[in-house]
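Below: one structure, written as structure tokens.
Residue numbering begins at 1 within each chain, and the chains themselves are lettered A, B, C and D in the order written.
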Amino acid sequence: MSATRYTYLGPEGTFTEAALRTLPEAATRELVPMVSVPAALDAVRSGEAAAALVPIENSVEGGITTTLDELVSGEPLMIYREVLLSIKFALLVRPGTTLADIKTVTAHPAAQPQVRNWLKANLPEALWESSASNADGARLVQEGRYDAAFAGEFAAATYGLEPLITDIHDAVNAQTRFVLVGRPARPAAPTGADKTSVVLWQREDHPGALLELLQEFSVRGVNLMLLQSRPTGQGIGNYCFAIDAEGHISERRVGEALMGLRRICPEVRFLGSYPRAEVTLDDVRALRAGTSDAEFVEAAEWLARCQDGRA
Amino acid sequence: MSATRYTYLGPEGTFTEAALRTLPEAATRELVPMVSVPAALDAVRSGEAAAALVPIENSVEGGITTTLDELVSGEPLMIYREVLLSIKFALLVRPGTTLADIKTVTAHPAAQPQVRNWLKANLPEALWESSASNADGARLVQEGRYDAAFAGEFAAATYGLEPLITDIHDAVNAQTRFVLVGRPARPAAPTGADKTSVVLWQREDHPGALLELLQEFSVRGVNLMLLQSRPTGQGIGNYCFAIDAEGHISERRVGEALMGLRRICPEVRFLGSYPRAEVTLDDVRALRAGTSDAEFVEAAEWLARCQDGRA
Amino acid sequence: MSATRYTYLGPEGTFTEAALRTLPEAATRELVPMVSVPAALDAVRSGEAAAALVPIENSVEGGITTTLDELVSGEPLMIYREVLLSIKFALLVRPGTTLADIKTVTAHPAAQPQVRNWLKANLPEALWESSASNADGARLVQEGRYDAAFAGEFAAATYGLEPLITDIHDAVNAQTRFVLVGRPARPAAPTGADKTSVVLWQREDHPGALLELLQEFSVRGVNLMLLQSRPTGQGIGNYCFAIDAEGHISERRVGEALMGLRRICPEVRFLGSYPRAEVTLDDVRALRAGTSDAEFVEAAEWLARCQDGRA
Amino acid sequence: MSATRYTYLGPEGTFTEAALRTLPEAATRELVPMVSVPAALDAVRSGEAAAALVPIENSVEGGITTTLDELVSGEPLMIYREVLLSIKFALLVRPGTTLADIKTVTAHPAAQPQVRNWLKANLPEALWESSASNADGARLVQEGRYDAAFAGEFAAATYGLEPLITDIHDAVNAQTRFVLVGRPARPAAPTGADKTSVVLWQREDHPGALLELLQEFSVRGVNLMLLQSRPTGQGIGNYCFAIDAEGHISERRVGEALMGLRRICPEVRFLGSYPRAEVTLDDVRALRAGTSDAEFVEAAEWLARCQDGRA
């Protein structure tokens, strides 16, 4: 049944599958690879799947625009979980192949910027050709069409290959962030280290408009973690903003900021409040004075007393 | 009984009494002049009077610091009404006196900047001496101690004087604003053109602190009408701010701004929400988009839907 | 010689070539198609070409990240011109082909979202396959591999095809913005309707940091036209901002804002000041009071007088 | 000659004279007491005196409005120095008088709030009458009109009195700030711990106007030390703002902020840059990153390089 089915950006053997398998509940779900992010999400929208795991941000390439655009438009979806995965490539070859044998290499185009320097240093003569996915590249090596494929080490077994070199990554800290997306429902309870995602549209293209949106967060001490502009499709220069902010919609400062945005934006799409995948010491900043839930409650009580003449 | 007694800054015959008599209910109250603003307000604090009318702002001299300081400190009081009075002086003399007879003039020191130019032009030789109040000056003219007194024309009858010249005022638009002060109680219902008075203390003397206080108003579209700094008595450079803002505490944008201030200020004193005495076309600005009560309610409903997964 | 050579994102027959040909000087330049944006720009960096025309923003797909990332990093380049092109597709076929004959269609993947609805309505049974560029798709139709290609109408002649249908575009106002990029040099003189592009890095990932950057613009009355975040390659959550602002670097308000940003950002990359391609009545906003060059000059003269004791 | 004459708010024996005598140059000047602040300043305006020392701020009473209004309007003057004086009263009596003998006390009205509690505790039965100045009160005690006067201990000798009690002050840290005012000239060179005084008028009474003025300071990292509103004389609700900011007009961040204000205000009056009288560890805040003169110079050089195509 759909409640037990999770789709993901396939095919099998990609980093997305590896990210999905880090979720404890994945062990008891039917995991179904899909050919594209829209296909994975449409299965959720139609009810065929309970949730979909898709990449949303890449530390080398930036926001995954296909995923962002799917969340920004169409029937609403919500994010329930995020997974951060370090991206390290293995050079997969047919058993017996040596570095000297490699004339052609393949992988998904997104892999290229992450292995370019390694290639230049170690296989300067090798010819690169793109494949539809890293897993598909591995399959093509298995079939003998290319000599080697860059892919996750975990993909080797699936295609009868072996990792000749592992841990290849040009950029330090190369990571991809994935999100588990479902149909709208009540967000999970706050954990104390959460994040809230929203999409904001501007009332009009007026000067200082973005500044006003950001002030709705800052005046309530809500820190922003990410801001990405996406075209609205209404012509050059018309953008909406996908924003990740610290905190959970059930926390008062976040709720009040969201209501403020709702009032000044023609449209706000709430994309979910969910636990942060990675919480470093640096990230856990003390709340700004005056922004805790207890202080919101105390202030509301004080206002009620003022309104009653008891302050 | 106290419920029918109103005190005011006396003596009889001052502009304060004139302002008080503009209030319809004054006709049915016992009006008691007091020797000072603190005396008038202490009678309210002790329960001997239901309310007191005192001057709070003068278009020539600025804030009346005695009144401000009384409201800022001590047992809390609240403002329920304001009265704006145009300040025009009459030159009061004993019957028969002509301009040529006048060698000495008197009035309260606050009157001097408002008649200085007139004196220079019309009575350049006259000697000025200050009296304790304009009414007291009139009394001293009655007693023969001075030849003429500057006071409100309405004071003439009380002291058996006659107005030799009327409508004297150096500054155009010379006005004084008076407030009717009582013990804290539920503010009157909003009229649609109200004002809210508060006193704010800063958490610490940190750079940008005042800016942060003002942003709590501006981000919610609440306009400021007046800001005055008053020393806290904790040494040079330590100030609190008496602020008049547009709107009523029962309006959502004002209430949210006050709660925001309550959270970031070590102390906020609510001084009342009351009808504005003067509403010019210029003053009745359209509410900024997104700050009406209806928009606050709609945004709160939207937030509840988001929290329930029904957005 | 290089001074007469312009590269562009090829191959021949794409929208980029069409955009390049709208520039008057294109008539006297050697126009060289390149296989990729990096290749087109590297020819400029190495001195083989004087300039390169590349797409930078698409009203449907958003920022062209390859172009942005090339401008953000590597050896500095500057923008000297922008071209806005309405994107309308023609369905190109071999002479004699009718709509009923078409079983397979092709084009660059970026074309798909712009013709999807048209396809669904008019050729619901046709099979879509992606090609490396719209021009390449046309070539493959010429070779008989596909029945029809979506491309610019201007591409028909090059490949011996004819436009069966023209003016196909799902989104109204579908446009692409192209920029002419060269090595750093003195920007062209201001025209009165210019735009300035910069890339900003944040000093640290501190709360409110983006707000501070935007305030450097807003306090000087400089309006923003576009803001795009790009990963710095230093890990998830580390972004720089590519910003287009109204005005020219030689205008005082823009210069002062840039200096302010230079002081608070660890790095600012100036990408050029150049004439705006499209200036609608809506865009030509009156300068905010106090931000004209004349007012800057007057204020500087006043400051000098104050410093000299002559104010 | 006028160059050697300093006026001050008299009479002799007041705190103002005591403050004046703390200035080293006072020893070589002719010190002339005047009957009022306007009189002391008019002597400067007319050239009869080189400078005048007048009180400007009192930690108990707040801004001295007479002084502020004189600086805000009329022929321009400039502040060259400030003096902070702790205000401690002595109870001056004729030799032989004991506490039990005292039935009447006198002093300037401004002294009353600073000795009120002491009086209530120590001389609850004594009758208070105001005198024109503390020194005048001492003179009246000498003449036998009152039994005791509150004044500075230094006033005792002048009037043949003796201090019965010293160090009387209700408020801790009771201080008065005095300023040395002269005709406009080049300000003294910066000392590294300076203060700049200005008066700002708002362009129109528009919402958020004060916020905009303060942002001109804050965006350049200039901290405010004092803000006082004064009526413009154009009717209730029309105010200008007297502001003290950290730093010296010759420092770039201050100069740029002043130019910004000059552009957006209909009038800015520069009242001087001068050394701060008191610099506590708390006051000497590190400059905000990016606001030192060196960083301004570097940014200007960078801008020039950008404009020349050499960045």
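Couple of notes before you dig in:
In the analysis below, contacts are C-beta pairs under 8 Å (C-beta built on N, C-alpha and C of every residue); 3 or more make two chains touch, one makes a residue touch a chain.
Per UniProt, the chains are A, B, C, D = Prephenate dehydratase.
Owing to the predicted nature of the structure, the values given are computational and were not obtained by experimental measurement.
Common neighbours of chain C (Prephenate dehydratase) and chain D (Prephenate dehydratase) under the contact rule above are absent. If each chain is reduced to the centroid of its CA atoms, chain B (Prephenate dehydratase) and chain C (Prephenate dehydratase) end up 59 Å from each other. If you average the CA atoms of chain B (Prephenate dehydratase) and of chain D (Prephenate dehydratase), the two centres end up 26 Å from each other.
Each of the following residues of chain D (Prephenate dehydratase) touches two or more other chains: 215. With chains as nodes and touching pairs as edges, the resulting graph is a single ring in which every chain has exactly two contacts. Pairs of chains meeting the touch criterion: A-B, A-C, B-D, C-D.
Residues 57-63, 65, 84, 171-173, 175, 177, 205, 207-208, 210-211, 214-215, 218, 221, 223-231, 233-239, 278, 282, 285, 288 of chain B (Prephenate dehydratase) are the ones touching chain D (Prephenate dehydratase) in the complex. Residues 76, 78, 184-187, 203, 215-216, 219-220, 249-250, 255-256, 258-260, 262-264, 268, 270, 289-291, 295-296, 298-300, 302-303, 306-311 of chain D (Prephenate dehydratase) are the ones that touch chain C (Prephenate dehydratase) when the two sit in their complex.
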